[in-house]
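The following pair of complexes shares a single chain, chain A, combined with chain B in the former and chain C in the latter.
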Partner chain A sequence: MNATLIAALWRQRLTSPIRLVLLGSLMGMPLLAVVFMHGAGLSALGDSQGAVLVLGAGMIGQDVSSGVLQLLFARPVRRPDYVVSRWLGVAIAASAVALVQLGLALALMAARDSLPGAQDVFLYAAGRVIESFGLAAVLALFSSLIPGFGDLALYFLFTLSASVVHWVGQVKQWPWLDRAGSEILASLQPKLDLAQLVHASPMPWFPIVSYASTVTLCLALAIVAVNRKELSYASG
Partner chain B sequence: MSGIVVEGLSKTYRRPLAVEGVRALVDVSLTIAPGEAFGIIGPNGAGKTTFLGCLLGFLRPDSGRITIDGHAPDDLAVRRVTGYLPERLVLDRWMSGRGFLAYHHALAKLPAAGRATDVDAALESVGLGGEAGARGIRRYSRGMLQRLGLAQAMLGRPRYLFLDEPASGVDPAGVVLFRRLLTDLKHRDVTVILNSHQLDQVERVCDRVAFVRGGKVEAIETVAAGASHARMLRVRAAGGAIGTRERLESLATSVGASLHDVDPPQARFTVADDASAARLIQALIAAGVPVAEATPEESRLERLFLDTPPGASS
Partner chain C sequence: MPPAEPRAGDSTRRSPTVLLIAALVLLAARVATGLYEERHPPSLPDLVRWRPIDAAVAEARQTRKPLLYDFTADWCAPCQTMKRDLFADREAAARIERMFVPVRVLDRRQEEGRNPAEVDSLQRRFHIESFPTLVVVPAAGGDSTVLVGYQGRQAALQQLAEAQVRSMMPLRFRPRAGSAPPR
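Then we have the complex of A and B:
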């Protein structure tokens, strides 16, 4: 982990007007729902997918296509450190966005005296953070494979393909295809249903191991991809 | 072993669906001593940038070996003592010049306590002090970007400096500044590897120069860095009236040049630089010599460039 790289990523994201506008919209719209929809709970805030995609798009590929990696890797920076730092930078930023949004939502709910329980709030917050770290790892992998913002295209392509597989499996009533589609979709957005985990007895370990292995595998493959990159305009 | 050692380096770029790849480097071997200024020249597509890419550990050679102070080029111990200025300089344009240098100062793991001082000194050294340093990089001209890139490369007083066309896009004042900085670096025993098409600059700065063509080092020439870089100027007079040797000697001496030989209707003079050549021509015309043509003869490296036949061994 390299704190300089993480801080640089945040500053870069904060100077991008498009990202800021998209992020503001993603944060603001659910809050409007909380304001105007009576009885809207935490679920109205949605998930972390949008924030991670906005903050993470091109997290590695943008550096590859712009050519700044040459100067960066001329410094004493290990490539695995670079990948992990980009992942952490995006995941922490997306988690912060989710937590700020949650804080604002709780303030609005408190104003109308409809605060949810402390455990619900904690589980919701932890779920959003876990989801941010999971999806950021998937995006890091895609971003290490394709330059520019190709990671977004790849993510949507995979999501669309998996949805089609899932749908065909359901229509044809082929359980194996249905399951395959579901698993691919789950891998594309790794998250944990903490409420279910906490209340289950005994605690099911499969989702936890599945989440951890997906994140680890994505990061490992991203590191391999970045390690194999040759950096020279002579090679282009 | 200290210094840079390259042994049997070969690199071929493979292209999808292509039967044969492009051979960028073929069995390159050379050594660069610590503190040496080493130039790399050659025509476009000769393999110079590929060679630099391998030296920096950005490209994986197919065969051969490179060590820098006994380490692999991508070893962090090497990175800590290396500065690099790429030809196609791409900077994080959302930063200010000062912010960019502070960022690279931190990446280089230099002491944070001296960051502000080091960054200001680096900006001053390339003529970007004051308001220019605080300006956003996206508002920099090409020449300013190149100056900032050089400041970045020199951060932390690296022992090895890799420069790929450092004066590209720089105005004449910048070229003079770059030359002065490179000479200073040489005096500080920094090992400079300079890839440049500006042969005059290479000749003034470097101790030795490798001439690369077709991926091979065809010649390595020792040049007397820091010595006088006098040029020969050939002057031809119209109608054969070049004048007497004594008169030409007197005119040349009056403008700081010297007469080399006279072979009517031509005479050859030794001049210190372009300005000296201009003064001499002016003086000749003012003295009534009917100058029809004045041609600078090639520098030593220009002759090397033009005369080395393809396939000559190093």
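Then we have the complex of A and C:
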């Protein structure tokens, strides 16, 4: 982990007006739902997918296509450190966005005297943070494979293909295809439903192991992909 | 001119050996736990307080809440997914309790050869052909809303909220179609 690289990523993201506008809308819309929908609970805030995609798009690919990576690796920065720092930078930023949004939603709910229980709030907040770290790892892998913002295209292409597989499995009533589609979809958006994990008996290990497996595999493959890149001033 | 890449001994590359081994071990554990939990699924408590079929109509009239019928079967995989995902979720269950008088209508034909009479009667009345099917019946009578299949918690909650709003509208504003008032 390299704190300078993480801070540089945040500076880069905070100076992009498009990303800020998108983030503002992603944060604001669910808050409007909390304001105007009577009885809207924490689920009205949605998930972290939008924030991670906005903050993480091109997290490595943009540096490859702009030539920053050549300059960066001329300094004493190791490639695995670079990948992990980009992943952490995006995940921490998306988690912060989720927690700020949650704080605002709780303030609105408190004003209406409809605050959810402390355990529910904690499980929801932890779930959003876990989701941010999971999806950021997937995006890091895609971003290491393709320059520019191609990671977004790759992410949507994979999601669409997995949805089609899942749908065909359901329509044809082929459980193996249905399961394959849902597993790929779950791997593309790794998250944990902590409320369910807490209430289930015995505690299911499959979702926890799946999440950890997806995150480690994505990071390992992203590092391998960045290691394999031949960077020179002439390569672009 | 500075070199584009550092010298071989000063390489920026490091093989993520530990991470790769961890990823492979976790991948194997994922397959193993997936297979195990498919055979021994962990049980999740159903947090919705399902009402008996015969008492529910009276409660719906008294509370003026619409009835929510959950047509389901033990052998139906999407029904079990919905049970784990929706009815075992504390917030979703609380919303369902707030909006509806919930009634579970369990099909037992595959296990026992036939259904209790009231289950058969409800299945015929709402033309139930597949599971899971959720039916929202306004307390004041009028058209019911039928939701077939399960497309995830968010989608289901949104559809249920829309159905509840429709069912609370005065009769003259509701579109005409389909079925009968609660009996």
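The rule is simple: the second predicted complex is superposed on the first by the 233 of 236 C-alpha atoms of A that agree within 3 Å, B and C clash if a C-alpha of one lies under 4 Å from a C-alpha of the other, contacts with A are read in each partner's own complex, and residues count from 1 in each chain.
Please note the rule applied: a contact is a pair of C-beta atoms (placed from the backbone, for glycine too) under 8 Å apart; a residue touches a chain by one contact, two chains touch by 3 or more.
These numbers come from a predicted model, not from an experiment.
> Does the superposition put A:12 against chain B (first), chain C (second), both, or neither?
In the superposition, A:12 touches chain B alone.
> Looking at the overlay, does A:231 come into contact with chain B only (first), chain C only (second), both, or neither?
Both partners.
> Does chain B (first) or chain C (second) touch A:206, or do both, or does neither?
Second partner only, chain C.
> Using the touch definition from the top, say if A:68 reaches chain B (first), chain C (second), both or neither.
In the superposition, A:68 contacts chain B only.
> Once the shared chain is lined up, is A:77 touching chain B (first), chain C (second), both, or neither of them?
After superposition on chain A, A:77 lies in contact with both partners, chain B and chain C.
> In this superposition, which partner touches a larger number of chain A residues, chain B or chain C?
C
> Determine, under the contact definition given at the top, whether A:153 touches first (chain B), second (chain C), both, or neither.
Once the two structures are laid over each other on A, A:153 reaches no partner at all.
> Indicate the residue numbers of chain A shared between its chain B interface and its chain C interface, in ascending order.
Residues 70, 73-74, 76-78, 231-234 of chain A touch both chain B and chain C.
> Touching chain C in the complex: which residues of chain A?
Within the complex, chain A contacts chain C at residues 39, 41-43, 46, 70, 73-74, 76-80, 116, 120, 175, 193, 195-196, 199-206, 209-210, 212-213, 216-217, 219-220, 223-224, 227, 231-234.
> Spell out the part of chain C that touches chain A in their complex, as residue ranges.
Checking each residue of chain C against chain A gives 2-6, 12-16, 19-20, 22-23, 26-27, 29-30, 33-34, 36-37, 42-45, 47, 77, 84-85, 88-92, 94-95, 98, 153-154, 157.
> Across the complex, what residues on chain B touch chain A?
13, 24, 47, 49-50, 53, 56-60, 76, 79-80, 82-84, 86-88, 90-92, 94-95, 103-104, 106-109, 152, 162
> In their shared complex, at which residues does chain A touch chain B?
My answer: residues 2, 4-5, 8, 11-12, 15-16, 66-68, 70-78, 230-235.
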